[in-house]
Amino acid sequence: MSDTVFMADLSWKTYAERVKQGVVMFLPLGATEQHGPHLPMSTDALTSAGISAGVAREVGGLVAPTVNFGYKSQPRMGGGQDFVGTTSLDATTFATVLRDIIRDLARHGIRKLVVLNGHYENMMFSIEGIDLARRELRYDGIEDMKIMRLEYWDFTRPETLVELFPEGFPGYALEHAAVMETSMMLHLHPELVDMSQLPDEPAAEFPPYDIYPTRPEWVPCSGVLSPPKGASAEKGKLLFDDYVVGISAAVRQEFGL
Amino acid sequence: MSDTVFMADLSWKTYAERVKQGVVMFLPLGATEQHGPHLPMSTDALTSAGISAGVAREVGGLVAPTVNFGYKSQPRMGGGQDFVGTTSLDATTFATVLRDIIRDLARHGIRKLVVLNGHYENMMFSIEGIDLARRELRYDGIEDMKIMRLEYWDFTRPETLVELFPEGFPGYALEHAAVMETSMMLHLHPELVDMSQLPDEPAAEFPPYDIYPTRPEWVPCSGVLSPPKGASAEKGKLLFDDYVVGISAAVRQEFGL
Amino acid sequence: MSDTVFMADLSWKTYAERVKQGVVMFLPLGATEQHGPHLPMSTDALTSAGISAGVAREVGGLVAPTVNFGYKSQPRMGGGQDFVGTTSLDATTFATVLRDIIRDLARHGIRKLVVLNGHYENMMFSIEGIDLARRELRYDGIEDMKIMRLEYWDFTRPETLVELFPEGFPGYALEHAAVMETSMMLHLHPELVDMSQLPDEPAAEFPPYDIYPTRPEWVPCSGVLSPPKGASAEKGKLLFDDYVVGISAAVRQEFGL
Amino acid sequence: MSDTVFMADLSWKTYAERVKQGVVMFLPLGATEQHGPHLPMSTDALTSAGISAGVAREVGGLVAPTVNFGYKSQPRMGGGQDFVGTTSLDATTFATVLRDIIRDLARHGIRKLVVLNGHYENMMFSIEGIDLARRELRYDGIEDMKIMRLEYWDFTRPETLVELFPEGFPGYALEHAAVMETSMMLHLHPELVDMSQLPDEPAAEFPPYDIYPTRPEWVPCSGVLSPPKGASAEKGKLLFDDYVVGISAAVRQEFGL
Amino acid sequence: MSDTVFMADLSWKTYAERVKQGVVMFLPLGATEQHGPHLPMSTDALTSAGISAGVAREVGGLVAPTVNFGYKSQPRMGGGQDFVGTTSLDATTFATVLRDIIRDLARHGIRKLVVLNGHYENMMFSIEGIDLARRELRYDGIEDMKIMRLEYWDFTRPETLVELFPEGFPGYALEHAAVMETSMMLHLHPELVDMSQLPDEPAAEFPPYDIYPTRPEWVPCSGVLSPPKGASAEKGKLLFDDYVVGISAAVRQEFGL
Amino acid sequence: MSDTVFMADLSWKTYAERVKQGVVMFLPLGATEQHGPHLPMSTDALTSAGISAGVAREVGGLVAPTVNFGYKSQPRMGGGQDFVGTTSLDATTFATVLRDIIRDLARHGIRKLVVLNGHYENMMFSIEGIDLARRELRYDGIEDMKIMRLEYWDFTRPETLVELFPEGFPGYALEHAAVMETSMMLHLHPELVDMSQLPDEPAAEFPPYDIYPTRPEWVPCSGVLSPPKGASAEKGKLLFDDYVVGISAAVRQEFGL
């Protein structure tokens, strides 16, 4: 218990001491969302929490309980809400969850917060949640809280992309349950990956627009947007290291650690 | 992975099969709340999830991701929001989180749901969340979802109370971070309990009213509302067994398993 | 008009003077809810207002207009929403009504407020309403308002319980439209009680969980949760005196009157 | 109790019978608002409830508990929120109160509802509340509820205006706490009127616009927008009779009684 | 571009200069609402924007983008929501749009704002929007913003009414798509008026109450509430001049220009 | 008036005919946002409306009034809310505006809708608005409305990008007020572009994360995220043609025109 980085595992007394020392808090944003037949629905929650923990260990931070339900999945981003199991929140619900958490963290003294997002659809709503929290904190006279907000994949180094995609990186758009996430999970939680279930479908091709009602036929049956073939724990480690190193550096610089 | 009861650990395909078979889903409601110097702040989340998993194993059910932030702690119930670390949601936020989760579970086919609460302050707001969800489901023509809602401690057998409190059970009101919760955690997660930190304070005494601004002096400094002395893993097992047996029986009867 | 304790009966000028003198304001929380075949649906509104007025007369306070619609009735607490006539508010509606009232009372100078609840289901939502009001008042720089919040029945003296329940008090859980409320109404508003309609059913027995859709068969047909036989105006006076004396003492102590 | 028209005074059983018989329900909308130094702050609540009761007696209807907090007072309509004692609700709060009440009335079988408004500022928000209720009822398949909505003063007969204002009726705009309301209260609740406090100020004169922050100097110090001199119980009876007769006729015609 | 009064046509740099100089901002409130067979659905948006621009030119002000969707049309005011094309906002939506716009205008330095309403149904909800904005601005310490709010038709001079209605002005109640609005549009946007489509129906006659579901038969088929015959560009100019002159004078006086 | 594509310019009767014929409706989403010293703050509103009109003319559609206030600008996308003039809506406000508009369009018979977005920050919130509208429409039994949603720039042909960026397209991320938008405006509204004010700053460079409070120094002083040099009306026409041709084709295919 003494060397955990997870806030929830601490007693409040231990936590209170850490807060007093100016600890950096990480808030991982996940989802409960289909990730193909080979990955668990907790993939976004586990990767964001795993990276948060990795960085927290580097910089002496703490990790808040993961927000484990995310904003509604979109076909072109994560397959969409039609997949059984994708269990999501409305925009206002998600944003107010963040607002409330951040408000209480700040009220107790946290002044350095990293909101680390692992589910693309959460991005804009996490921006709103932070804005709502900061507005209320401002009303309460708390103006010295600094918040960093990021999508972890934006810290992938170009060299790593070359390693992972020797034939050229097709872009993040279709990287849902594909090489990157599968590799990450093989590195972080291999017991939750079933490599025997890797789908054998071509990458999805989407038109440059959305249609509602959504078109199930646009999304590969497996829910995987591009082939995860070639994923490996080694590649996962490469990615994970990129994220831990890159985000740690950013955190140290921005928070003056 | 194959024998997990946790929904989030499953791939969507496996989950979809279970849903088609009419699986009972458990939704544990926890909190991130001070539980004295000896228990982790995740206590309510871990006990509600642990009991949910225990019952799910008994009855062949699944456990949804824990709602790990709860409604605001009250001094007379859990020490109150002033304790550093108690990180909570507004009423509307909490109720809409439940509404959204239940709505998506139902949309995908879940028709048997057990909302299992481990944080007293969540009770009425979980009732509201369920009501909001059922209203929207009704608008959508879904009227055959059955929901059981419970506080797990209401399944403690009188015999167990006698065993735990040979001098008479003082009532649930002050059982915050006290003998019952400490015993449960010693049974479920001993590695997160620090018995060297057991506070040595008398039970709290509250007047029959609340005062705002809250009175920190009404709550013992430790955050523990009555002495946890005497807590043990054995007592925790007694309690846990009561809950698993009692709730399993209720679930079987109500859902016709 | 001059000796009324009801705020609404005063002209604003008279009210303004009382506010300037630092008057204690009482806000009664009621409901419009079935109370069996012998009691009016206004029972919770009338008892909370009646006790508020009794205490206000003792301590020189004023009583705001009663919040006469409450949170949704629950089967195990008040029979549930299925009874024709039980007309209730959503959680957010109820909490914002309280927030708005308290905000305006404070804006005009009230600094001592007693929120006196007469409907169990209102409890947690009145806590939320007070919290929302205090948050906004804090944003406005008003931090010196003191609020007491209570359920009146928590002021019943043990001696009175012995008097009313010589065979032992079965607890408040089933005291809906039963001996205590019926006695109170016989004391306060005998013209609204029809003793010829006293139901003759045994006490309700509930399992330790809720089920939705609710089970009408769990609740006695009359809506009364335990037999009101033995209720009398004398017992009502005993209770009423307990409440007035007990709450007056608490008010005097907390508000330094 | 047996011949009351007030829903809240009935037991649920009696109410249920009346609902089954197709009773017309009246929902009075009031306010807690300054009405000069001579009238109580409950004036709008008491007049709307009094007229509702009068009409209900005529047509065999029932009167729901008065909505006794209204939308925020405006300087040009009722003096504004700056007067101590004017205690009001936000727009969303007020509209959702109406929505919730109407929803439950309809759920229990009420199909004929008259929303009778006694506070000008409530008008548009009562329209919204009704619209929100009807939308949700429509989602629930309830489309046969008929709702009449009115401001009672719109039923003043021209002959009565001539009688009350022999020198010409200056229009409703400034009739706040003036001849009409004072007369009504002298007829309905003379014990709450203090004729010794009639202010002696000229009528307010407003420019054709609002200014925020509001200008206290625009509103007469008394809060009365035009001189109530000449008010009498006889004139109040004339008005009251107009309202009861006129609204009863409209109700009979629209609801086919 | 240099001499436009429209904020949206300016670059931010030019706008910033104007704000620094203390410019008066006009926010026109319109609607997308049927206005008979001869007027465009943008009538309220175009008249409020046109008058805003006229006044802004007089006083050296700027005009914000028009709020071009308004609150729901009512049968007795604008024909009601049943007319195809009347596309409107809920109360909360409309009020929060205003709140957000005003908040940002104030945040950037605007301290003189005129909310100029051209759609009757917007009136009370614009009051709410302003109140919500001012509340939040107050929380942010901004208390020196002055807001004027008006319905433009309240600036019609009596002489003009005599000119337009030689047989006596029947009141604003039925002036929907009638002589005044048609004349205004003939003056401001003659290309959008189709005088060949002037309906030939008598004025609507409404009872002194609303009925829901609304009664289409109460509203003339054309959507025009009283005959627009006699409308002319000359009359429109008379009206427009009244508004520009009258509002400019009020603005100059209130904002000390 | 007869050949306009703008819904707001039509009388309701003409509009009703078009709706009956199954017209495709376009709803342009803009913003009021800084676009450098050379472009008007209406840029996103004018481009989305202009393209909507262009496509509507091609396919025989209509264009609804532009939503001319958008979601809050973000530093890495549009410079951020700190620029004077950027006047924006909260997430819930923006999404409910869309919900309400779509609900009324559908209620009147529109079954083919294209939501055409011109402001990046609106993207996710327009998805939420559509989802909220479709949910309510579903409750109302309207399930046959088809909605296309798009960001117009996603229809830029690769050939055009080569033409515009002979040295390689740096990606959409920094194309705020840069070559593409400036060219578009030179084509659509040259009178609103001031080419003498083209800023001479290098492209912005952002780290892969956000920081709050935002860092004004990260954004070029001009508000332009990459150099607009080289913008021309000809390039604007190329882009505009791409959008009209591409979107028209998509609309024809998806709506079977």
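Here the chain labels run A, B, C, D, E and F in written order, and each chain numbers its own residues starting at 1.
Rule of thumb we're sticking to: a contact is a pair of C-beta atoms (placed from the backbone, for glycine too) under 8 Å apart; a residue touches a chain by one contact, two chains touch by 3 or more.
Bear in mind that the values here come from a model prediction, so they are computed numbers and not experimental data.
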| item | value |
| --- | --- |
| Copies subunit D and subunit C - interface residue numbers shared by over half, same or different | same |
| Geometric centre distance via CA averages, subunit E-subunit D, whole Å | 29 |
| Averaged-CA centre spacing for the pair subunit F and subunit D, given as whole angstrom | 47 |
| Separation of mean Cα positions, subunit E and subunit B [Å, integer] | 54 |
| Where subunit C touches two or more other chains at once, by residue number | 90, 92, 139 |
| All touching chain pairs, where touch follows the definition stated at the start | A-B, A-C, A-E, A-F, B-C, B-D, B-F, C-D, C-E, D-E, D-F, E-F |
| In the complex, subunit A residues that touch subunit E | 135, 138-139 |
| Residue ranges of subunit B touching subunit F (in the complex, touch as defined) | 136, 139-140 |
| For the subunit D and subunit E complex, residues of the former touching the latter | 71-72, 74, 90-92, 95, 121, 123-125, 127-128, 130-132, 134, 143, 146-151, 154-155, 207-213, 246, 250, 254 |
| Complex interface listing, subunit D residues touching subunit C | 1, 6-13, 15-16, 19, 32, 34-42, 45, 64-66, 68-69, 81, 83-90, 92-93, 96-97, 99-101, 104-105, 108-109, 191-192, 194, 197, 223 |
